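Below, each structure is written out as structure tokens.
Both of the next two complexes hold chain A, though its partner changes from chain B to chain C.
And now, the complex of A and B:
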């Protein structure tokens, strides 16, 4: 019995070894051969981890707080979902990722590891199911956190020395490496130059620049990814419909696209932005998406025009599929490669646009985005406020462009290595 | 009642060059269990006829402007699209000419066959998978259990065509439309594929519409032949009759053009010229500008000669019985 089990396991392993690679595996294999692109991708992964685990690096709430009067508590943990502390949904989102994302990623990684040697047919459904459950748990958690906002009264936790002096009693506290808030400055610390306590100095409101910069990673990545997701989805649907149906529908959509392209996008963005009085970061994303959807629409349309008369589309009709299914399940998966490349470059562009808007004073002034910090630097003339976010923008945009180039080359069969 | 009755089908294309009558009054019938060959040169309207039956003509520019396509008594030409979808793939299946591009590159062949089964039959996914495995085995794919999870690019052209056939036959259709199913394949595979279709036809009593320009294929596998020329039927007869007694000058020309085993080294006969594009089909008999027997009379629409047993010819100057006999004798 045991030996036959071992035999089947061995047979499955053999089957897994001689499997031919899928298209995705070929593209991934090509991508991994490009060193620059791989390094950039790991750089982006590091940025993403930085964005998720920001509060561990920088928070003015102590991880552990103990006094004789208060007892033991973790102000840091309870602040994560506190609406009075993190006002912005972007931060709440990343904090949810920090807590629940970390929790669900452990079983997911375990499933991926344990199915490594299974043949594709057994491996794929299990991995897909694990991912679905993980995403489901995360979405439920985020929805719950958003639906029931916690609002604790504002408490200021002083530094240990100050606490000792004030109360004259024993205090145990563990702080983050950067024990500062990205929002509330200390008036005694205004315009301090770089020091051990403030590696990049402080700004005109006494806020630690490095802390704001790290929190800015969250904002910039969110703007990039969400704005692009928004306009790629919309543009893809519009382009698919135009390319598939052709004729008058295509004609009408093409004219609309041309009109949108005609308008210089930066001026349109600035004009629209100046009409919205209380600009949140989500307004910025929608505005960016509203002018950028034309390029994926045109890419997808071109692919559909090329493919709609191929035999496999006629074959899909001959099998009796509905048009919606033919568009979105038969043709669209074949048309997404150029969109993927455009999207990678689009993230970099969206980050730049947001920085431009913030720099010009048309961004969301409540968030510590890189453009916002840059703008403060411009008005106050503090040089770290200009160099630091400038370098962060440069680094992120460069990484994204290098990854985009890697994806583009990996998808191009003529550039196979 | 025949399984499929195509009656005076007219499919025209509306382009910048005007209205092109690619198929202009084609009629034929297919009975249950019968194989009907549609033959003709490139551009004579074979594929357009086939695609018109399931309304797969890209529209615009193409449109069925007249005629009826009665399948089991229902007119497919005017049927609402959601009813037609239930006929497609379920009662009538199509095998396309190009096996290389007929399968969707992003799904495994198993997924594609299973989806077709799940769409038309009330079965669970596991049952659909076992039907797919059975079909792949029937069409002679080696190791179905492994092949079912392969992507199209991992298969050869002949294997893909077999997969297409498996997919087309998985719902046990009453009619199979095979649009040059063997043109893209080499000769040994050709014979296997045709034999496979014949075998499955026998078990399911399925009607087959076989489109080809290969008269060898016709002689081998068809019961009845429809010779198309420039969007019209030139001659229709049983396969035996057509080879014994070709009566339309065009059919005669096609048979004469076959390589002759009796006289190796002799020059091949050709019909002068090419099928004219639909923009300049001649008046009257559309073959008149290439026909060796053409007279001024041929500028008018040719009359029908019924030679009995379903042998019909549309021509002003059909070959006489002696001429036909001489031709087929020479051929043999």
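And now, the complex of A and C:
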């Protein structure tokens, strides 16, 4: 008897919840209705997975290596955090995602799956807790990898294998489908056309184009996401302060914004980039962010100006909340919708700017960026070097623009049916 | 409206000032020295090279502090310290410290004079000697600008200055000089200083004016008022002339493209909008979307690779603005030649702006077509073309007309990428080359002119809102 009562109460609760979706759920519901946007989002997820699992597809370190002298080992696994092999922090970051991200994602997915049928009140804290722990583990792992850099001597396994086999020794080696390095070329393999071994041929330094292309995914996505995260954070804070306080502070910030938007951004970006002598990918993100922060700032400012005299803000003031709380916890969550749209398009733009920079030779020259590959294509006239990176940029930018349009429409109450 | 316009016009002045300040700081704080290859690098070459680099620095005001000048407040002990460090007279400075001290001594110039003369009587003979050496440099007078005003008088004046400069240059002694020679030189300096003391001691007013105006930024602005952007460190020609000469290449490229883009995009947008929801509309939207997402450097490279240089098609020239030839050409032939060269760059440039503009045009018409006055127009019994063209299109074009103001800066700035890919000697290519050569005056001139035009463009765009749409009022 009691149990059936509890069941009814539970059912009523569930029904009540269904009647009252959160704002996020409404927007998500709208977003899922748009087929193109959903497809593009899955496309982006695929790109992200490609970026994370790149070493499984392309690496010149064998997964398994066995010789009579060395015994069994996995050079591939130990190379993942090897600073001599992956020189760039971007690669180390993605390799950490590859190992630790995969490890922590399994329990997280399990928690998400097992809490599917629970009511929101029970479900959300558990899911949030799981995510927090996962992110915490990942951050600790990445900090550890960065703090204790591994440095192994450079070994080119395919060559050793050939040498040993020539001597008649038995070697067992299992390689990735593309057993190449994105950095070191083979001088005997310069400018090879597409073949089974090199699906997109090789470039003028004898490097496999497909390998460079998929490693370039990591660079583009990192630049796009981090540059945007950087300037959206900064711009949002500046815009919130300008809109909330108004008056002289607003005047001053408005003037600064006016100054920045008048300067042709690409000119400024190229100029600043040229001053930095060993440009790294992080410099490029900061430069892009330094020029682009004005657009979220203006959007947030407008939202704050509109909202700062609304009833809920007056209520928050009457309760006696501190200003910081009113700004960041009361108004800001309601002002973020246009920023979200701008950020999605912003990622596409940042990727374009980065490839333009590296196309003009003002990017990070040590990483296999798509723009740089295309520039090699322009100077050498090799078709795959032009078309492959061009298509990669086009695809990524299109997917992001389509998702951006989906988000914009999903957030627009006028379009809701 | 008039009041608003005036207010905005006035506001452009401080805005432009702060733009120049920001750009100036960015360019001057940046590492790497212009003209360093001329002999300003690390351990210097011979004395001659060093002197020519000093004059180079003086010419470009690189010896001045960037924004604020406090050099009048130097103390005698500081100057002595610099001499000791710079000429390795004790304290075992590192090479870097030595070079820094030497550079400072060179840059402080005139401000050192009143401290150096007493140092001629220093207890350390080494300090005496380097003080005299430094005096020969510090008392060198600057040449006046020959590029402005009365050129002849300026030349005459510079000849005078040059004479005086070479006279004081001799007042030093070598390591093996006798005491008598030394005393003679020191006496010469003292007599000279007694005569010129007023020039090298500073009153409160002089200090205040030096604080703000004896700086790189102030010197730059005092030239800027005369539209003098300085001379290029690369080819030693006035930068502004070069910028103006580059403008015509960029403009003929971008102007044609924008006119083309508007001419094509408005009909496409309208066509697509009145067939909203049909398959034709979907097709057009997809094509425009693809054009919108294709990066210019990709389109440009593909066109260049595909249609030039013999393989696979040799339809167009590989780049440049026109055929380089000394043969006389008729105007018509030259025009045809230029057009022939510009087909690919214009196509590349147009494809991007076309996509953006068409999307705006379509959205604009769709927005308007639902309005009540369109229904009214139809109800009145007006024919469909009249409704569309007279009522819908006119109002739907407001957003893309105002975009034109925003396009103005891009028009002038041209496109770095397209000009580099197609080798067109416009503003974009110029700034790109100047960046690589560290030609700061040139970079600054391009950045400033394009920022100024952007400022005007934004102003026009804001005002045109009110102009084309009477519902908007700024009063």
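The rule is short, and it goes like this: the second predicted complex is superposed on the first by the 390 of 417 C-alpha atoms of A that agree within 3 Å, B and C clash if a C-alpha of one lies under 4 Å from a C-alpha of the other, contacts with A are read in each partner's own complex, and residues count from 1 in each chain.
Basically, contacts are C-beta pairs under 8 Å (C-beta built on N, C-alpha and C of every residue); 3 or more make two chains touch, one makes a residue touch a chain.
As the structure is a prediction and not an experimental result, all values here were calculated from the model.
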| item | value |
| --- | --- |
| Clash-or-fit label for the pair chain B, chain C on chain A | fit |
| Which superposed partner A:274 touches (first chain B, second chain C, both, neither) | second |
| Chain B versus chain C as contact partner of A:401, first or second or both or neither | second |
| Contacts of A:223 with chain B and chain C, given as first, second, both or neither | neither |
| Partner chain(s) touched by A:104 [first = chain B, second = chain C, both, neither] | neither |
| Partner chain(s) touched by A:213 [first = chain B, second = chain C, both, neither] | neither |
| Chain B versus chain C as contact partner of A:343, first or second or both or neither | neither |
| Included angle at chain A between vectors to chain C and chain B, based on C-alpha centres and rounded to the nearest 10 degrees | 90 |
| Dominant contact partner of chain A by residue count, chain C or chain B | C |
| Which of chain B and chain C A:238 touches, first, second, both or neither | neither |
| After fitting on chain A: smallest Cα gap, chain B-chain C, Å | 13 |
| Chain B and chain C footprints on chain A, overlapping residues | none |
| Parts of chain C lying in touch with chain A, wherever the complex brings them together | 14-15, 18-19, 22-23, 26-27, 30-32, 289-290, 292-295, 297-298, 301-302, 304-305, 309, 409-410, 413, 416-417, 420-421, 431-432, 435-436, 438, 443, 446-447, 450-451, 454-455, 458 |
| Touching residues (chain side chain A, partner chain C) in the complex | 255-256, 258-264, 266-268, 270-272, 274-275, 277, 348, 352, 355-356, 359-360, 362, 371, 374, 377-378, 381, 383, 386-387, 389-390, 393-394, 397-398, 401-402 |
| Parts of chain A lying in touch with chain B, wherever the complex brings them together | 15, 20, 22-23, 119-121, 246-247, 309-312, 314-322, 330, 333-334 |
| Partner chain A, residues of chain B touching it in the complex | 51, 54, 56, 58, 60, 85-90, 93-94, 96-98, 101-106, 115-116, 119-120, 146, 149-151, 153-154, 164, 167 |
